[in-house]
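Provided herewith is a single structure, encoded as structure tokens, for subsequent inquiry.
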Amino acid sequence: MVMNDQPDKTEQEFTHVREGKPSMVDVSDKSANKRTAVAEAIVWVGEEVMSRLDGADIFSAKGPVFQTAIIAGTMATKQTSLLIPFCHPLPLEYADVKIVIHGENLIITCAVATTNKTGVEMEAMTGASVAALTIYDMCKAINKKIRIEFVRLLSKTGGKSGDFSAD
Amino acid sequence: MVMNDQPDKTEQEFTHVREGKPSMVDVSDKSANKRTAVAEAIVWVGEEVMSRLDGADIFSAKGPVFQTAIIAGTMATKQTSLLIPFCHPLPLEYADVKIVIHGENLIITCAVATTNKTGVEMEAMTGASVAALTIYDMCKAINKKIRIEFVRLLSKTGGKSGDFSAD
Amino acid sequence: MVMNDQPDKTEQEFTHVREGKPSMVDVSDKSANKRTAVAEAIVWVGEEVMSRLDGADIFSAKGPVFQTAIIAGTMATKQTSLLIPFCHPLPLEYADVKIVIHGENLIITCAVATTNKTGVEMEAMTGASVAALTIYDMCKAINKKIRIEFVRLLSKTGGKSGDFSAD
Amino acid sequence: MVMNDQPDKTEQEFTHVREGKPSMVDVSDKSANKRTAVAEAIVWVGEEVMSRLDGADIFSAKGPVFQTAIIAGTMATKQTSLLIPFCHPLPLEYADVKIVIHGENLIITCAVATTNKTGVEMEAMTGASVAALTIYDMCKAINKKIRIEFVRLLSKTGGKSGDFSAD
Amino acid sequence: MVMNDQPDKTEQEFTHVREGKPSMVDVSDKSANKRTAVAEAIVWVGEEVMSRLDGADIFSAKGPVFQTAIIAGTMATKQTSLLIPFCHPLPLEYADVKIVIHGENLIITCAVATTNKTGVEMEAMTGASVAALTIYDMCKAINKKIRIEFVRLLSKTGGKSGDFSAD
Amino acid sequence: MVMNDQPDKTEQEFTHVREGKPSMVDVSDKSANKRTAVAEAIVWVGEEVMSRLDGADIFSAKGPVFQTAIIAGTMATKQTSLLIPFCHPLPLEYADVKIVIHGENLIITCAVATTNKTGVEMEAMTGASVAALTIYDMCKAINKKIRIEFVRLLSKTGGKSGDFSAD
């Protein structure tokens, strides 16, 4: 069985597209090494939501809202390959979601690590996105115009294609 | 059993936060009616990706890339309540993901409908987000700087809180 | 928001294909009524497997093999909409998997019922298929040539398109 | 198709066992009404864990530990039918997990409600159990002898079999 | 703890049955090596469906129907251990679903690879089956008599039990 | 990227709590070795249920009830990381659920093994719990007062923190 037919030139960089159809990349002959990725999602929540979240009051709503988003984002990193069709399933060795307040924005970062044959960019991106979606869900009764902005990869390490850092 | 203890004033608008802890909203005494929601995700893919996607060539990669994102987004609408902690599980009656090209951006819309006691905003937002994440996955070998921008609710109808339209 | 654009003639019967892209059918304006479906899967296991399964011995392996397949098939009916991309999620009200021996074949039937706006053919087909796959898994160490044959719909009732019975 | 063959006497009360094989109960001809259930799980954590959880300190670990358990328990109520083989899938309308400290024990209650043809006892029991398992996971580095005790149904309402209250 | 009690002779070949009860095989002491498997599913769709799928027209329905089946089959390979009770969870390193037209039949092949302690036959069989079920779902409005035929293992490599090829 | 900031003293033993927020432990720099864990759940079912389960009659309900619980518990071990928020996903190499009768109690043990960087206590605890919940579901029509008692870890081996045995 030949599994790795050479794709034609045009399709080469769409790694998930071969002969006009989508496909999972064959990583079985690559070697495993440590991979990390960090993604960021910025959520604009607006003044009204922020004034309720950011109180000095220790009984503010920030606790439950932030912790729910952190947990949802972390759990989502583990479901990434069930959501993204051609993403390899990977046993993650680390996932961490952090949220900080910046003006009227919440800045979410999701860091992920594994020791495997392929990277964890999608896990980090998915974790950040689902944490952001959870913020929306927890706050949408106050402001339906909340927007998720700039879900993007901040950095990755490990793997043949080299490290990446979003300047 | 009293399930609907009145929350204190401060927490009232964080519908998922009661007495300092997160909680699912009790919708059991609401009446079911038709609910729709449409969300949008804009993905900046850059010139290099776009030149490959948008060829006149009928064998371009657009087919598999777009259809994979459409399918992933649709399937994600059905997994929303497994991803967002306090989101009610809802049997969806319609889900549709569309993608159009606009300059160097892909504009994804996800429309969802159900007849139920609570709305489908989160299903639409999640479907749009996962379609966007799938675009990232399919194109990241070409450009890791692809960004998801402006995941937001475009409109909703049905439900006591009234219709919503993002201007 | 117009959700039900009329599809062009050619695509009309591919209910999941609209404007050249796949899509979930909008059933939100249909009325709910009782739907049933029964599907069948025939698994040829061969003489060697059958002689071990069909012993008069009450301690034969039939118990665990059959019951594992029955349970797997039943659980799969509940996961159908997570497996089949444009299948509506439905709260099933009944699912039953039965297995009988016929020569060197196992005949699996999966019956499903719900009261909803759309049918349960896919749930019955999926339940029968996964029960058959489980038979394969439980017996493959004895005979890797086991084949699943004739997964098909036996009957359906309820719904606008009328009842169906396979001859 | 006759779906409701009368089971023999002996099996009548094992509602999930028919003709010597397990099966989902057919609820398709029952009528929908409001159902609630509350379950309780008591977790003995011991003195060492409790002294860390129950500090007056607002930076105590209680926040994250309790909230993680509350969220895990709530999410588990939504996955009940994927875990318990013959449990009907139900769109829950309410789920709430609470935790209080009592001596060296944590007392977890999980309340669930839906409007449907069958009850939500298993959802309440599963939510309480998974919240308890999460407490174990969060505290096991301190004390591996933590025990989950007395997962039980406290009450149920709705349904033909009548209301139930534990003593 | 003795995990590997010797099963009695009769049960030896039903690797998932031990002492009259089903059980997962203990592979913890086996060594990891590359495993591949290819399975095939043949779907008879009939003349009417085929005439619509196989048009020379580039806007034929083949695109969405085939690609949806390919994606569903690929995603199903990743869910195999959640569907088949005693199947080991495996991080797949490759999965590929192909569909070709042959007369009134669609011939689906699903190839899977991993580097692990146990084989991937079930992943290949499940991927082929779910792709076939998706074909049924996409085409059933035209012909409910579509049949899945001959889901079977074509080949496997790797593992102590040796390679297999269905001549 | 520094992933392993030193937590402050107070939080050190709550391995999942860092800087006041919950987090997955970073195990990426640990070495993989064989890990086992065994957990136990005791279910008090009462005299009435037991008299039906424990008949000399080979057609007693014990078969389906026990096997359903065994299968549900085994499948749950594979879903543990989707249920417990900060539990690492692990490809299990062995899982086995056993049930024995002791007076009016059912004693469930769940044994799990893997070769990995972190332990499988949670998988064993979850498998035992879900098997116990399934017993409740299968028998609740006879006795709603069934109680799950003493879910606890019996033993673990492997890993830096040493072996553990409950007295």
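Each chain gets a letter, A, B, C, D, E and F, in the order it is written, and its residues are counted from 1.
We adopt the following convention: contacts are C-beta pairs under 8 Å (C-beta built on N, C-alpha and C of every residue); 3 or more make two chains touch, one makes a residue touch a chain.
All values derive from a computational prediction rather than experimental measurement.
> Touching both subunit A and subunit F, which chains are there?
Chains that touch both subunit A and subunit F, as defined above, are D, E.
> Through what angle, between 0 and 180°, must subunit C be rotated so its C-alpha atoms fit those of subunit E, rounded to a multiple of 5?
When the C-alpha atoms are superposed, subunit C turns by 180 degrees onto subunit E.
> Since subunit B and subunit C are copies that touch, is their contact same (over half of the numbers shared) or different (under half)?
different
> Round to the nearest whole Å and give the separation of the Cα centres of subunit A and subunit D.
Computed from C-alpha means, the inter-chain centre distance equals 31 Å.
> Taking each chain's centre as the mean position of its Cα atoms, how many Å separate subunit B from subunit D?
From the centre of subunit B to the centre of subunit D is 30 Å.
> Centre to centre, by mean C-alpha position, how many angstrom separate subunit D and subunit E?
35
> When you check subunit A against every other chain, which residues touch at least two of them?
Residues 21-22, 63-64, 67-68, 71-72, 75, 79, 82, 85-86, 91 of subunit A each touch two or more of the other chains.
> So which chains actually touch one another? I want all the pairs, not just one.
A-B, A-D, A-E, A-F, B-C, B-D, B-E, C-D, C-E, C-F, D-F, E-F
> Which residues, counting only subunit B, touch subunit E once they are in their complex?
Within the complex, subunit B contacts subunit E at residues 58, 63-64, 67-68, 71-72, 75.
> Sort out for me which residues of subunit D touch subunit B in the complex.
34, 36, 38, 66-67, 70-71, 74-75, 78-79, 91-96, 98, 111, 113-115, 155, 157
> State the interface residues of subunit D toward subunit C in the complex, per the touch definition above.
Touching subunit C: residues 1, 3, 21-28, 81-82, 85-86, 88-91, 116-117 of subunit D.
> Once bound in the complex, which stretches of subunit F touch subunit D?
Residue list for subunit F touching subunit D: 10-11, 13-17, 20-22, 52, 59, 61, 63-65, 67-68, 71-72, 75-76, 79, 82-87, 121-122, 125-126, 129-130, 132-134, 136-142, 144-153, 156, 161, 164, 166.
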